[in-house]
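A, B, C and D label the chains in the order they appear, each numbered from 1.
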Amino acid sequence: MRLSLAQRFGAVVLAVVVLAAVWSQLAGFDPVLGVAPQAANLGPSLAHPLGTDHLGREVITRLAAACGAFVFPGLLAVTLCGALAVPLGALAGWAGGSVERFVRAMLGTVASIPPLVLALLLCSAWGNSHTHLALAAAIAYMPTFAEAVFARIATLRQAEFLVAARAYGLSEWRIVWRHLIVAACGPTIARQGLLLFSEYLVLETTLSYLGGFGVQEPMPSWGNMITFEWGRGNLAPLAAPVIALWLTLLALAWLAHGAAEERSHV
Amino acid sequence: MTDAAASSGAPQALGRALLRVVGFALTIAGAALLLLTLMHAAPGDAIDQLPNGDALRPVLEREWLLDRPLWEQVLAHFSRAAQGDLGVSLVVRPGATVLEVMSAPLLRSATWVAASIALSLAWGATLAAATSRRSRAAGRFVEIASVPPVFLVAHLAVNGLNAGAWRLMQADLITRPSWFALPDEASWLRTTLAIVVLALGSGALSRTHLAVRTALLELRHASFIDAARARGEDTRPLIARHLIAPLAHLTAERVAAHVAGLIILERVLLLNGAGSLFWRASLERDWPLALGLALAAATGVAATRLACDGVRVLADPREREVSG
Amino acid sequence: MSRRLALTALLAASALAFAAPVRYAEDRAPAIVNPLFATSMSEARLNELVFEGLFADDQDLRSTPKLALAWELAEDRMSMRVRLRQGVLWHDGEPFTADDVLFTINAMRNPTTASTEAGRVAWIRSATKVSELELDLTFVAPEYSPQDKLHFKIVPAHAFKSTAVSRTDAFRTSPIGTGPYRVAKFNDDNSISMDRWGGYWGTSYVDTFVLREVADPNYQAKLLSYDSLESLVRVLPRDLATLRADRRVELYPYQTNSWWYIGFNQRKANLQEPEVRKALSLMVDASSLLAPIGTGELLSGPFVRSSPFYNHDVPVSQADPERAAALLTEAGYQRTASSWVRNGEPLTLQIVTQQNLETAQDVVINLQAQLQRQGVEVKPVFLTPADWKQRVWREGDFDLVLSQWSFDRNEDIYEQFHSKGSRNFVHFKEEAVDTLLDQAREAADPQRKKALMRQVHAHIAQDNPMIFLWTLDSYSAVSTRIQHVVIHPFYYFTWANEWTTN
Amino acid sequence: MCERLVATGLEVRIGARQVLVNGAIALQPGEVVALVGSSGSGKTLLARSLLGLVDLHPGIVAGEVTLHSAHHPPTTWRAPTTRAAREAAFQPIRRDAVGWLPQDAQQALDPFSTVERQVGRAARGDVDVDALLVRAGFSTPGAVRHRYPHQLSGGMAQRVGIAVALARKTCFFIADEPTTGLDPVVAGQVHEALRALAEAGVGVLWITHDLRAVRGIAHRVIVLDAGHIVERCSPDDLVHERLASDAGRSLLDATRRIAGGVLG
């Protein structure tokens, strides 16, 4: 699978982000340690690669630790959503007729609720936590994910090689699983997973930026770093999260785009 | 093919339109049930979350039937909502009915969402037309430019504009613009900024640009466009006519994202629409109001999708033939 | 008649000169404008413009007559007669009479109203009307200066159907008061405009006050410098420097009688031991916690330094790591490389504070760094208002709590430190303090009350249920276009009728 | 009235590959020219070049197309030019002079409008749609007038294409394999319509595989092979296999094998 330049860039950035998240989890990053008021607002230097923020905390370690705020809940959201959407999409795509209409009507109902609305309601009623946010994102994004899987399977339903497989007496579900979902839908599932992950990143940083929900100080998030460092006259701790967010979203977009083109060769 | 095939289309189309409207009503009912179930299934003591919970505990316990099983609570709440009684706001406007509190802001927000979708479609279409013949580089640039999320674009826009204008005012180059900082009356330019940012942020522009570009490429190679060109006709109106269906489909797809984007924008730009009201209701656990607004958002999205389906069927006769 | 016309013409002309409104920012616009249900500070400030009490503070913070004109206290100090001011009109033109005062007292006492201000009339046994502008009050216990307790706002009787007023009564959207400003409009951008009331019995100059809701406090300071606001009620410490440097803005102290503390939860075994509490107190260097968030006065007890009850003989405790370590070893802790351990358990404490108290986060973060360096691990938890009520008030599920108390002019700390106090969530119990507090509550003579309270201060400092931190110098910023600005330390707008705009 | 449409020295390239060399053709009113050749020989490309409808890269690199008409001076286009210049130059030729019926007639009709509207729009003025439909071979025009293209069969779509051409009253008409996929009866009707066009004075360029039908209808035959015009002959020469070029002869052998004899 020859990766285009854009995809290679995407893969590298994503790898760095996931590594940073894992590192901060393993090293047991303590968001509060490293507070040194006397070292506040230092510019980037050898000792402090990205400078320090208004409480003297190291910007680069907080930037890396902030990846934990969306990588693990993002993965949870993707798996949750995939676990719901792929079977539903496959069922609708394969069964067709009234089953398809019922499943898609149900999906249409969930799709009418924008993700941010569901996320806010859930965090407000259930309490503001990563798992609730991931659950809300999984439910809200499930229709899009399922529709993509449905579309892919519906087009392949008549494909000859499936008719032949049926002729050989392969059981229905083995066909659907081995041929359809694994082989044909692989790229679609990868693409939707990447899109949902990037949607979760936007959701988390937005809520953390606006405050009240999402990640609260002193836990770091690219969103709340922007809020708390804005207007304090120090550029580095502000530019770092903005650029990190921009690059990661771009990486995810190009990877997802790449996954789509992949499908067109199949 | 007898003549009957064409004329019998009318009652069949009406039947299908009715089916779609019923579908629309079911969608909203489904969305309401989903939201109510999620709210009532919330772990922990709901009333305690309210800032003035203790004062309202007796009233709320009776009203929300908290002692009864989950499905009974949901059904009771749902039947009340079905008759249009969305309850009373608890914290934001205590005592006022939810309908009363949310109607004016909803109207404002609806116009902003519609304007931002129209702008993003127009923007995407013109960009796609301009770049369709050029190489992929242009598409790549649009993709990079429209990646940053709405809150970031809005934050940079509003703070940049204010700081810039303030510097100009200090140097007496301009008088105080009407939209500056926190205008006393609603400034139309401020809402335009919101609409522009909404049409740009969170990948809106790049998704629209991509969708329109693919539709355009398909159309350009369609042989009826070729034939029209061979007849020396101006193909632009024909292409525009055939872009209606894909644009309608795109609107149906993008409306939910624009509603979500508007909630963030109203919060960042201090605009007084349903979005900031919803945010405040969620933050202060004013659940009847939050639920009412969420339901209104779902209804808006479902209604837009219904309208888009209608446009697609009207525009494309082939859609009328397809059953269901 | 012609002289009166000339006067109004003059007033009208002068009004034009002061056309510019005074726009002030609040984090959240009040949901209810009804003094019977005032809960938040933004509501208390707004009520100050719209309503009046029988008495109010003068600029030396002594009670002076407002709606009342004169009063006589009975010999046995068990009752008093109040004569009301003449010619006072409600904003809807109705005359102000004794009925309104009676109605307000009965409404506050009516259980169905469940008014949040009921406590302010608990000391009144009965109120009877003598004539249109005279009434008699009898007290539950002898009172020495009842006028200090008659500052609660009076509402018009004719605006309500009965004394059982509901929270959602329509009055809240069209409030009627006797104050210098009338609520003109609830604008749809959550701002409230209050116009000058022509029929006000006293003088007032500013034409309009507008309450603007700006949820983000960081943005409020920006708006002031952008001339979108004229007054910022509370300036965040981080913005003090920039606003102090801004020539077009003047800073006025606005203390709100509040002080910060770190409370020890005495339900927890180790925090019941005085040595452990003393050791922890000695580890904390209050001045270096205060530095990053602003300036203020360090305290040694539960009163602001300017309060008559503050005992200046009790010194502020200084950080003393060696003595703290000695105390901990005395209590049976051994110092390992990274922490203090007693029978296998390291000394780790959970400190809770409120999420929406921004400066609290900086304090907690600094505190944790300080204690971590001395081997005590501290885990901060930032609670939403709902969780705060659940964990702190009801369950007592915390080790340390960082918060602040704000008091009105009576500075009544009974609820916080008496063992039966409703706000004593640090579970502090000390007989001596209980008896002193009971005596102080009954003490009618102000001098005796002052002496008793100073003893309470000394005792509490000794028992150390809390580390008393500081009163934070907090300021309000007002544009220099507004003159004669005088700000009440708690109610802010008490003397707003003397402000002028040039 | 226009007199002749002449193309000389046309050369078309895709990248470096030459797909049409020395394409030369002249259409006169009332004459049917049959263009035959194996598939991929460049027949459609030559026809499209007459209308400047070649969007390949680099496309038409050499050659000239000229329209001679009685009243005003001839309009010519000489390669190579920019896309915009080409579009402008061919505008009069496309609008007034040449009608075109592409291979898949059904796809060439606007899916969103009815037959009546499409024919009416082509006529640019009021016209008797039924009469045109009859001339194009429909026995009951009323049945098809309100239909949408996706409700027409292949044959019906071809005939609607012809009706559109008739409506435009152009001097020349290019039909690109109008009878592929049609049963013989319907194909016959389409051929009849072409002859009617020629008799009405229209110069027809007819691209076809149906060598047997050429005899009754075409006045001249041009044989194309791999982008080169290899033969210009009369229909009789084709029928009696009197072809000079071996490429032409191999085309005949191939057709005989499939169709069981050219003359059958």
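Heads up, the rule we're going with is that a residue touches a chain if its C-beta (ideal position, glycine included) is under 8 Å from a C-beta of that chain, and two chains touch if they have at least 3 such contacts.
Please read all numbers here as calculations on a predicted model, not as lab measurements.
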| item | value |
| --- | --- |
| Per-chain CA centroid nearest to the all-protein CA mean | B |
| Geometric centre distance via CA averages, chain D-chain C, whole Å | 92 |
| Distance from the mean Cα position of chain D to that of chain A, given in whole angstrom | 56 |
| For chain B paired with chain D, centre-to-centre distance based on mean C-alpha positions, whole Å | 50 |
| For chain A paired with chain B, centre-to-centre distance based on mean C-alpha positions, whole Å | 22 |
| Where chain A touches two or more other chains, by residue | 230 |
| Sites on chain C at which at least two other chains make contact | 222, 384 |
| Chains touching one another, given as label pairs in label order | A-B, A-C, B-C, B-D |
| Partner chain D, residues of chain B touching it in the complex | 1-3, 5-6, 222-224, 226-233, 238, 241-242, 315-318, 321 |
| Touching residues (chain side chain A, partner chain C) in the complex | 32-33, 35-37, 40, 54-55, 128, 211, 216-218, 227, 230-232 |
| Sites on chain B touched by chain C in the complex | 45, 48-53, 55, 88, 91-96, 104-105, 162, 166, 176, 180-184, 186, 267, 270, 272, 280, 285 |
| Contacting residues of chain A [partner chain B, same complex] | 6, 101, 105-106, 108-118, 120-127, 202, 205-206, 209-210, 212-213, 223, 226, 230, 242, 245-246, 249-250, 253-254, 257 |
| Chain B partner contacts - residues on chain C that touch it in the complex | 23, 31-32, 39, 114, 166-169, 172, 188-190, 210, 212, 214-215, 219, 222-223, 226-229, 384-386, 389-390 |
